[in-house]
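After this come two complexes, each holding chain A, first together with chain B and then together with chain C.
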Partner chain A sequence: MLVYTLRRILILIPMLLFITFLVYTGIELMPGDAIDYIASPEAIANLAPGALEALRESLGLNDPFIFRYFRWLGNIFKGDFGYSLSSGLPISVIVYDRLPATLELAIAALILSSLFGSILGVISALKRGSILDYALSVVGMIGVSIPQFFFGLVAIVLFALKLGWLPYAGRTLPGYVSFFDRLPHLILPSLVLAFTMTAGVMRYSRTSMLDSMNKDFIKTARSKGLPEWRVNLIHGLRVAMTPVVVLIGFRLPSLISGAVVIETVFHWPGMGSEFIQAVRSQNTPLVMMISFFSVTAVLAASVVVDVITALLDPRVRLD
Partner chain B sequence: MKKIINFILMLVLIFSLVILIGNASSASNSNPLSDVRVRQAIAYAIDMETIVEGLFEGKATATNNLVPPDDAMKAEGLNNYAYNPEKAKKLLKEDDWDSDYVLDVAFYYGDQQTVDLMATIQAYLADVGMKISFRKIEGDTAAQLWTAPEDRVNGPAEVDWDLCYGAIAALTLNDYFDRFGTESHLNSHTPTDPELDALIETTNTTGDLAVQAEAFKQIQAIINSKVYAIPLYHQQLFIYESSRLDRGTSEYGNDQYFYDWGITGWTLEGSTTLQGIGAPTENFPAPFLNPGLDISNKLLFDRLILADANLTPSEPMLAESYDLSDDGMTLTLDLRDDVKWHDGEPFTAADVEFTFELLATVPACHDIARSTILAIEGAQAFAEGTADSISGISVDGNTMTIKFEKINPNVLLVLSQWAILPEHLLGDTNPLEIQKDKFWQSPVGTGPFKVEEVSLNDFVTFSRNADYFMESTGNIETILLVVGGETEGDLPLSAEAGKIDYAFGKSVPEATAIEALDNMKVTPVNIRYTRLLYVNKFPKK
Partner chain C sequence: MENKIKRKTRLDRRMDKIRALEESGQLKNKRVNRYFRKFKNNRLALWGVIVFAVIVVLCTFAPIFTRHDPGEIDVLNKFQPPSRDHILGTDQIGRDVYSRILYGGRISILVGLGGALGAAIIGASLGCYVVYKGRRLDNIVMRFSEIMMSFPQIVLVLLLVTVMGQSLNNLLLIFILTGWGGVYRMARSKILSIREEEYIQALEAFGLSNFVIVFKHMLPNVLGPIAVNITLSTAMFVLQEAALSFLGLGVPLQIPTWGNILNVARNVAILRNNWWMWLPVGLVISVFVLSINFIGDGIRDSVDPTQQG
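Up next, the complex of A and B:
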């Protein structure tokens, strides 16, 4: 088991290197570089002749691509995350600043969606064929198929502008100290994010519950004369939840990478909105750092899931 | 026999002369746009008045000139190329325009309005028998737009477009015109015109304002008659204010720069917190390239001289008095001795000298500021690293004397736009990496407001500087800026939610949306921001 785990972890390293190299190449293939985005084209025309070249030189952008990639990689191992090319702020400061915001939003949405998703999915399975089941299926389809930003904008217009119940953007304001001061800011983005995530969990748990309710052990439980709620919740649900937990486990990395769309719509100062800005302005060190964190989180989550599966099912370890 | 041969030779000579003269007014090289008639035809073919009314809902000014309306330097009596498709067709016919030739039009804005405008222009030109295709330039726009040819007379062009839709944001009139001269590194489009070059030279070197004004007007006449560019419209700046804000007697100017906007005299009804948009998402921007675009920079920092709403330097500020000698070669500044930085340190001549040194060495600095500072005696040597200080600056207590090596018309303007920065906090920083300094996470200035709280990418608050040296009659104690910017759709949303007391922007759709709100007031201001079609007249590669 230990060998299996170690092997899984060792495979991560070349994968991580390969993926970061791919991302770096991707940024490289975009036309232009960070200097082209430091100001509007009209303002850039106001620079002295040669100033752009001097800026590129001072930021090391004129070095060959491979050289820059390995320099970045070397610095990461030294713990130097570099500076944001557009503002000069150290990237460690940016990450330290954004991560709590992203965690707050993602955890709230993950808890809400897992809770509502599994409860509604189970109800839907148990009341299979009822009006409630159909209604939940329709809501689930809507949640999966309509893009997040649309829900976000509708929620802003309705609850923030027309009704004025909740703030429409941002995470905090001056004078807010505790989490509860900020709570009104969290409600809209986390609910919208949770809504779209709920649909997935709901569909998953419904199918899985239906599946397990047809199994032999359920019939046995029924034939033993157990009350129906006990059959459903203790025997059926426990088995049905395993794949749902795996799905939720795979969503854990989004705690770090952030919800790009929702964070942008609601001006939530997390990793996701930062990532969009960084890509737009070709801020290579920042894009690389956020991708590095996200990739590591995704790979780590997959290892954890693999190891848990292996623990549960010894056949997996045999290869 | 000899007579006959002579006669034939004469005929040939006359004939070839006629051909030469006939050709002189048509294309001067292989690029059909080098023929003035083609350029005139394009100007006549586009109905800018109708476009302004339709596409821009009247919130712009159609034009035939780069210089905006009510600018003192605007030349009168120019040909305004009023919409005249028949005349355009006639000009093209004279030129034998090849109706299958497709003009390549480049632009660099990402908004829908630009695409709509391109499609409209395409339709107008199709009406007179010209084909265009348009495309957005991506990546290194500066290189693709402004790379000048090595041979400024014959080309070939280093850029591949025929027409380029762009804008000029001009702080001085030279920003409009220098780029049409041979000396300019931005001139990718206009072959050398000695007459124009001489006039541009005059505007840059004369100390006599009347001579300069006359030269500016002649330049406008040349660009107009030879259609070196096709000016389309002047964009306005929209200043947004909530109904609870009273700006008192302060005038409206171009809020993208620094002028006497009178914020210390503003009063808010029912609150002392002014709300706005534009908090920095990462660091505060160092004010070298855009001296006044950022609101925070105008709240935090002062200038030596205060400009009026027309951006004319006119009042003392950090300099209690200033005097530029008649020959324009010596500047004397008497600095105030009652000014303190927000951290309590006194403001001194060392700060001014340090700021000048920065302007000479920071790479991302506006060329007007840089070239003005480099005109000081010894500044070039300092910038090249061969001197430790700028020898032309001498300091005696609070009096500074600055000697110039050559006349520069923008000295006072630069002192009225570029902020003075604290030597005691930035003095040890490498100018090449100045934006990386921790200073920009919470800058310290001498201005009417100081940084109170920064929550990066969220909001920033400023509090009133109780020690400010200028009198404050308004009631604003706190200024709250949240993140968000122009063209992202944030302004109308925030304004509707009652979160904007003051903001400004150039987007017409945003201005229209905010105008529709009951709680907001929109004031349009004419600014030096002109949209135009650059015309590439060099032969193509």
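Up next, the complex of A and C:
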């Protein structure tokens, strides 16, 4: 098992190296001067005229490309991600600032969609072929067909502008600090995000529940004379939920930057809206670094998920 | 619940009927037609085809169905609610919303369908040939697609928009670039199993060229899943074009597309007061994507019986 885990991690290293190489090439190729990315804006502003070239030399910007790449990689390991072009803030500060908001939204949406998705999926598997099953699958299809942002807009108009029940934008009001003060702001974006995600979980858990209902151990359980709900919920569900958990595990990291559209619609101050702003202002280093973080998160999650699956199911092994 | 053999769904019953007809010899040319008949019996998929066709026809022949030019600016009649002259009203500079939706649909559908088709063609032909030809090339392509796929789709698209710049052609290219990997993997896994079949060995023994074996005798076996993939990625790309243009990062604003029309909804005043400027477009996108998804589901059910839940 340990060997498997180690091998799984070792495979990642060349991939990550390649991705960092691409990211760095992207930053280097951007229009403009790379020194804005590498040195802090104060350091540049305080320079005497003509000292820019000296700074350039001392930062190693005149070295060959491959040296610059490795120096940059070393800085990444030390936690120095460079500076954003538009605000001049260190990128690490921006991430530290934005990540909590995104995690709050992502986790809320993930919990809601997993809960609803798996319950509805199991129900429609148990009632296979009924009108309810049919209706749920149609609703699920609608859920993945409506553009997320359009659904968000309709929700804003309905619940925030017309009915006035909930705030329509932002994460908090000035002066509000605790989580419960912020809760009303969280409701709309997380529900909208969850609605579109529920459909996928529902489909997945329906298929895997149907699959496990046909297994021999279910027949055994039934023939032991166990009540039907016990057979379904205790024996069937336990096996059926494993792939669903895997799916959910894969979702979290991609949500960290994947909720870009919803964050923009609701003016949610997370990584996603920062990302959009960076794309819009051609802030290449920031775009590259945020993409790099999200890829790293996805890859790390895939290792964790693989290891967990291997632990649960001894048939899964690295080929 | 005792004694419960699999309860038959509507689709199962239809399939039984089709099989009975086939066995009684009333139907000729069995295999091809069975797919078609199964598809025809899927009510939702049929509705999907009808809605899809209506929207595509309306957009393609937009000049026939509209009275106003989509770019015609009429400042005196801005923010007009729906009326007899302007079925869906006018926007903030007096352009007719209805004709903008039809003309915009041309671009949106083109981008969606074009992206999906391009990705499918590249992915499938590469998948078939590379896998059949050799390990090393396959390894390289596979690693490459793995890297592409570890990016969340929207992040990759936005990253490429930053690098390549914003234009209609670039968007199409970006969709193809991000889409081929999935088709490649699917074609690959199919081809890997087909390669071991005896009929392929027989063809090799006959001395047929690789090209003929791969594209004439192996590719047709992969077409079913590819068709499903094309429909589903068309739906995805239409949604993504809409989202990107809504954010102002997709097709440049002067070209009307569904997403660009929705762009005005970022203004809260318009969102609150002028529903005709954003609600109809959003509904059209939703209905269009829904119809494609139903078609895709129908194709999947008819070509791949294992997927039928």
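Points worth noting:
Quick note on the criterion: the second predicted complex is superposed on the first by the 252 of 319 C-alpha atoms of A that agree within 3 Å, B and C clash if a C-alpha of one lies under 4 Å from a C-alpha of the other, contacts with A are read in each partner's own complex, and residues count from 1 in each chain.
We adopt the following convention: contacts are C-beta pairs under 8 Å (C-beta built on N, C-alpha and C of every residue); 3 or more make two chains touch, one makes a residue touch a chain.
Because the structure is a prediction, the values reported are computed rather than measured.
In the superposition on chain A, A:Val295 makes contact with chain C only, while chain B stays out of contact range. Of the two partner chains placed by the overlay, only chain C lies in contact with A:Ser145; chain B stays clear of it.
Of the two partner chains placed by the overlay, only chain B lies in contact with A:Leu52; chain C stays clear of it.
In the superposed pair of complexes, A:Ile156 makes contact with chain B and with chain C alike. After overlaying the two complexes on the shared chain, residue contacts for A:Gln277 are found with chain B alone; chain C is out of touch. Once the two complexes are overlaid on the shared chain, A:Met15 sits against chain C while remaining clear of chain B. By the touch criterion stated above, A:Glu228 is placed in contact with chain C alone, chain B being left untouched.
In the overlay built on the shared chain, the residue A:His267 is in contact with chain B alone; chain C does not reach it. In the superposition on chain A, contact of A:Arg206 is made with chain C only, not with chain B.
Within chain A, the residues touching chain B in one complex and chain C in the other are 156, 161, 168.
Residues 108, 138-142, 145-146, 166-169, 171, 175, 179, 185-186, 280-283, 285, 289-290, 363-368, 370-371, 432-437, 440-441, 452-453, 455-459, 461, 478, 480, 482-484, 490, 493-494, 496-497 of chain B are the ones that touch chain A when the two sit in their complex. Within the complex formed with chain B, the residues of chain A that make contact are 30-33, 36, 38-49, 51-52, 54-55, 58, 83-84, 86-90, 93-94, 97-98, 156, 160-161, 164, 168-174, 267, 269, 273-274, 277. Chain C makes touch with chain A in their complex at residues 1, 7-10, 44, 143, 146-147, 150-156, 158-159, 161-163, 235, 239, 242-243, 246-249, 262, 265, 268, 271-272, 275, 278-279, 282, 285-286, 289-290, 293-294, 297, 309. On the side of chain A, the complex with chain C involves touching residues 15, 18-19, 26, 29, 125, 128-129, 138, 141-142, 144-150, 153-154, 156-157, 161, 168, 206-207, 210, 228, 254, 257-258, 260-261, 264, 275-276, 278-280, 282, 284, 287-288, 290-291, 294-295, 298-299, 302.
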